[in-house]
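To keep things simple, chains are lettered A, B, C, D, E, F, G, H, I and J as they appear, and every chain counts its residues starting from 1.
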Amino acid sequence: MIETLPNRFSGREYEVELADPEFTSVCPLTGAPDFGTITIRYVPGEKLLELRSLRDFLVSFRAREILQEEVVNEVLDEVVASASPVRAEVEGVFNVRGGMTTRVVAQT
Amino acid sequence: MIETLPNRFSGREYEVELADPEFTSVCPLTGAPDFGTITIRYVPGEKLLELRSLRDFLVSFRAREILQEEVVNEVLDEVVASASPVRAEVEGVFNVRGGMTTRVVAQT
Amino acid sequence: MIETLPNRFSGREYEVELADPEFTSVCPLTGAPDFGTITIRYVPGEKLLELRSLRDFLVSFRAREILQEEVVNEVLDEVVASASPVRAEVEGVFNVRGGMTTRVVAQT
Amino acid sequence: MIETLPNRFSGREYEVELADPEFTSVCPLTGAPDFGTITIRYVPGEKLLELRSLRDFLVSFRAREILQEEVVNEVLDEVVASASPVRAEVEGVFNVRGGMTTRVVAQT
Amino acid sequence: MIETLPNRFSGREYEVELADPEFTSVCPLTGAPDFGTITIRYVPGEKLLELRSLRDFLVSFRAREILQEEVVNEVLDEVVASASPVRAEVEGVFNVRGGMTTRVVAQT
Amino acid sequence: MIETLPNRFSGREYEVELADPEFTSVCPLTGAPDFGTITIRYVPGEKLLELRSLRDFLVSFRAREILQEEVVNEVLDEVVASASPVRAEVEGVFNVRGGMTTRVVAQT
Amino acid sequence: MIETLPNRFSGREYEVELADPEFTSVCPLTGAPDFGTITIRYVPGEKLLELRSLRDFLVSFRAREILQEEVVNEVLDEVVASASPVRAEVEGVFNVRGGMTTRVVAQT
Amino acid sequence: MIETLPNRFSGREYEVELADPEFTSVCPLTGAPDFGTITIRYVPGEKLLELRSLRDFLVSFRAREILQEEVVNEVLDEVVASASPVRAEVEGVFNVRGGMTTRVVAQT
Amino acid sequence: MIETLPNRFSGREYEVELADPEFTSVCPLTGAPDFGTITIRYVPGEKLLELRSLRDFLVSFRAREILQEEVVNEVLDEVVASASPVRAEVEGVFNVRGGMTTRVVAQT
Amino acid sequence: MIETLPNRFSGREYEVELADPEFTSVCPLTGAPDFGTITIRYVPGEKLLELRSLRDFLVSFRAREILQEEVVNEVLDEVVASASPVRAEVEGVFNVRGGMTTRVVAQT
């Protein structure tokens, strides 16, 4: 679980965007490393995602074999489970592999 | 046919964007090579497009004589036939030819 | 008239954008040359604009004295008369003259 | 009054954008010069703004002490009075002053 | 309270955007300085925010320990209390911390 | 001949660079227009190149059929004949033709 | 004269670069305003140029009719007279006038 | 052999730079297409490289299996054999392959 | 003193560049905060500058009233005293103040 | 050892530059991942570095705890041992850590 902080302004619906431009995981088909930027956008409820804990969660993919489409959906599930946001979106933009780039966006 | 992988998150409507900045075909009017970027955006159903197979399909245009407007429409038809996406869009942005650039966008 | 090619995919409503970054005409007020980029966006009906013929049409303004606002409207009229598109838009972005830039957009 | 030219295409509703990246006036609070870009967007009625006359009008602010918010509103009033456009918008983007930038947008 | 100036054009609904690219405060969790850009967008009522006074207000965060999400909400509260705008929005874009960037947007 | 102005600071060896980003001539092999940027760098002797006269000289290439390599050398010859500079350099950077760009630099 | 501050590190030969991106004067040939960036680079002797006084000196050109080549040489003369630098260079980069840009560099 | 044109200014040592941003060949190790930009810089002797013929020569690599390092050296050899330049340099900048980019420069 | 680490490769003369894009101090003339980027380039001797300790040293300027020219020279003195490099250079690039930017470079 | 290919043009002294924008290792002081771009420039002797083998060598740092200064020197040593180049240089540009960026360059 990603740790959270109390949201002092939970009475107002506002947006927070957190981006990790240093995401890396491993491609399950080729065994080669994947690199990209993961961006999380959410409207907080009672909780704010704690930055350092979120970072540790994202670093935990470093040795995992997982498809890029699955990375984005798993991060979204974890954000929802940890912080119960009003709404959330996760976007992954991945570097060129075999001459092609990939971008994936999922929302609650 | 472009090969596919099973979509583990088919219960969620999310978007995938795949871009090939190294597309090349041959102009049927002049015989000169055309160059451009082909971008595919789709909401997957039960299947995900497999990146390497998609790449091979796009490389297969390398020796074909075909209008730029037709490239974009043919790619869209193939994506739909192979992966039965919820919806799909294909965009082609082509380099200067005779002092002019071309951009074509087609959607299901 | 701008020449046309048959549209093999006329059953699908898709967009084509053609840009000429090397447009030049002559200002009727000062006699000095004007420079700019003319961009044509259209949804083709039964016909596609042929690139070389379109280019020749745009080069024909090289020696004409005409206001920038009129260039954009005349090009739109010619595109409509030649290709009978479902809809069309012409945009002209012109270089600094007397310290000011001009942009004109007209649609059917 | 800004001079005008007759609009040969007044039967079509289209947009014209004129930008002056060299606007300068004087701050009434500090006496220091202000710099910025003034952009005018309008749908012409029977008249087109004449570029040189518009430029002279904007240069006339060079020695005036006036707030940036007031510049944008005065230019909009003058454009409307001179050319009776179908609709108009004026935007001013001003350089850093005291470590802060300003942008003002007003519409009819 | 941020000082204000009378709005000579209060009869027209227009937008003002003020940006401070040199905002800095202190992170309450690590004690390290945070840096970012605070942008205020508002439709003025009877009052305009005075630039120098706004700047002083933002500089007053220089030694405060406060979460980035809280900075944006506090600035919005102060703008509303000082200038009673028709509507207002505050956006904070903060530099990389622990490999991640943050962006927060709150509106009335 | 390009007109000149007296150089008030001829006792100091300093550099002047004048650039025309709107140069156009005609290709003698294809009859199609060429476009590019001509940049003149020189250390003035007793004379400064007059900007408007230089501009008229460059506009005079608009209808001439001439190779890009020859444009640059002819402009250099004319600059030397008109202003007798201490030294001079002319650079031409030309737009894509047949998928290729050209840059030519000549010095006294 | 531009005011100066004592140079605490006059025993070390180091470089200072001061740039004013908001320089404006008046063209003596056309009466139209000129705009540009003036950059001063110098190795200080016993004195440092005081920023506010330098700024006031540069603003004093706002109403003067003077050639761009002369601006750069006059600023260099004033810098030398005021601060007796070990060496100095002044560069002026001016906006498009009649479709051409100008850059002037003078050194001691 | 690349065709040539006579150099009207062979008495002056000047530089010509020709760039092809659409170079493509085939990797001999993987069979996958390579893409890059080939830039030729030379000081002409009695002959100028003819642009269209040079382009045809570069397009002839489209189906060849050849290392990127060898492409650059072969182009240099052909330029020297065809135009006998005073001196010449060829640079190839190639797109990412397996997560890495390549740049090769060879000179006479 | 800035802490150091042993240089495992002291037998080879190589260069290290460390940049802090978040430097801030206080102007002694106006009391307003200054912002800029400090870049340190050095050839290490037996010691490498430890990044966290260097950062703490630079953060210590946050509340100091000091001229920008003096910041650069003081940082250079401290780098030399702490790490005894073979040679070192410090560059400060500071944000606009009163419409002007400053850059200072000092070397051993 | 990095594998090599024979250099068909070893008789000519030319330069090859290979860049890996996806380098990652682990900081020995904090245990956090480091990210950066490693660029290798060399003049080949009898051997060319094989791209895939070089890539595997660089990926082997993914789990190693090593200072950034040491990465660059170790890569240089390995390039020299594997390919015996005429000369070689390695540059590492690393992402922000604790608000600071690092760049290291070492040469034979």
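Definition applied: a contact is a pair of C-beta atoms (placed from the backbone, for glycine too) under 8 Å apart; a residue touches a chain by one contact, two chains touch by 3 or more.
Since we're looking at a predicted model, the values are computed, not measured.
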{"item": "Chains touching both chain C and chain J", "value": "none"}
{"item": "Least hop count linking chain A to chain D through chains in contact", "value": "2"}
{"item": "Copy pair chain C, chain F: interface residue numbering same or different (half cut)", "value": "same"}
{"item": "Result of counting contacting C-beta pairs for A-J and A-H, higher pair", "value": "A-J"}
{"item": "Superposition of chain E upon chain I: rotation angle, C-alpha, nearest 5 degrees", "value": "180"}
{"item": "Separation of mean Cα positions, chain E and chain C [Å, integer]", "value": "44"}
{"item": "Whole-Å gap between the CA centroids of chain A and chain I", "value": "35"}
{"item": "For chain C, residues contacting two or more additional chains", "value": "21-22, 32, 95-96, 98-99"}
{"item": "Chain pairs that touch, as defined at the top of this document", "value": "A-B, A-E, A-H, A-J, B-C, B-F, B-H, C-D, C-F, C-G, D-E, D-G, D-I, E-I, E-J, F-G, F-H, G-I, H-J, I-J"}
{"item": "Chain C-touching residues of chain G, taken from the complex the two chains share", "value": "32, 95-96, 99"}
{"item": "List of chain I residues in touch with chain G within their complex", "value": "29, 67, 69-70, 72-73, 96-107"}
{"item": "Sites on chain E touched by chain D in the complex", "value": "5, 7-9, 12, 14-22, 44, 48, 51-52, 54-55"}
{"item": "Residues on chain G engaged by chain D in the complex (per definition of touch)", "value": "21-22, 24, 32-33, 35, 59, 62, 95"}
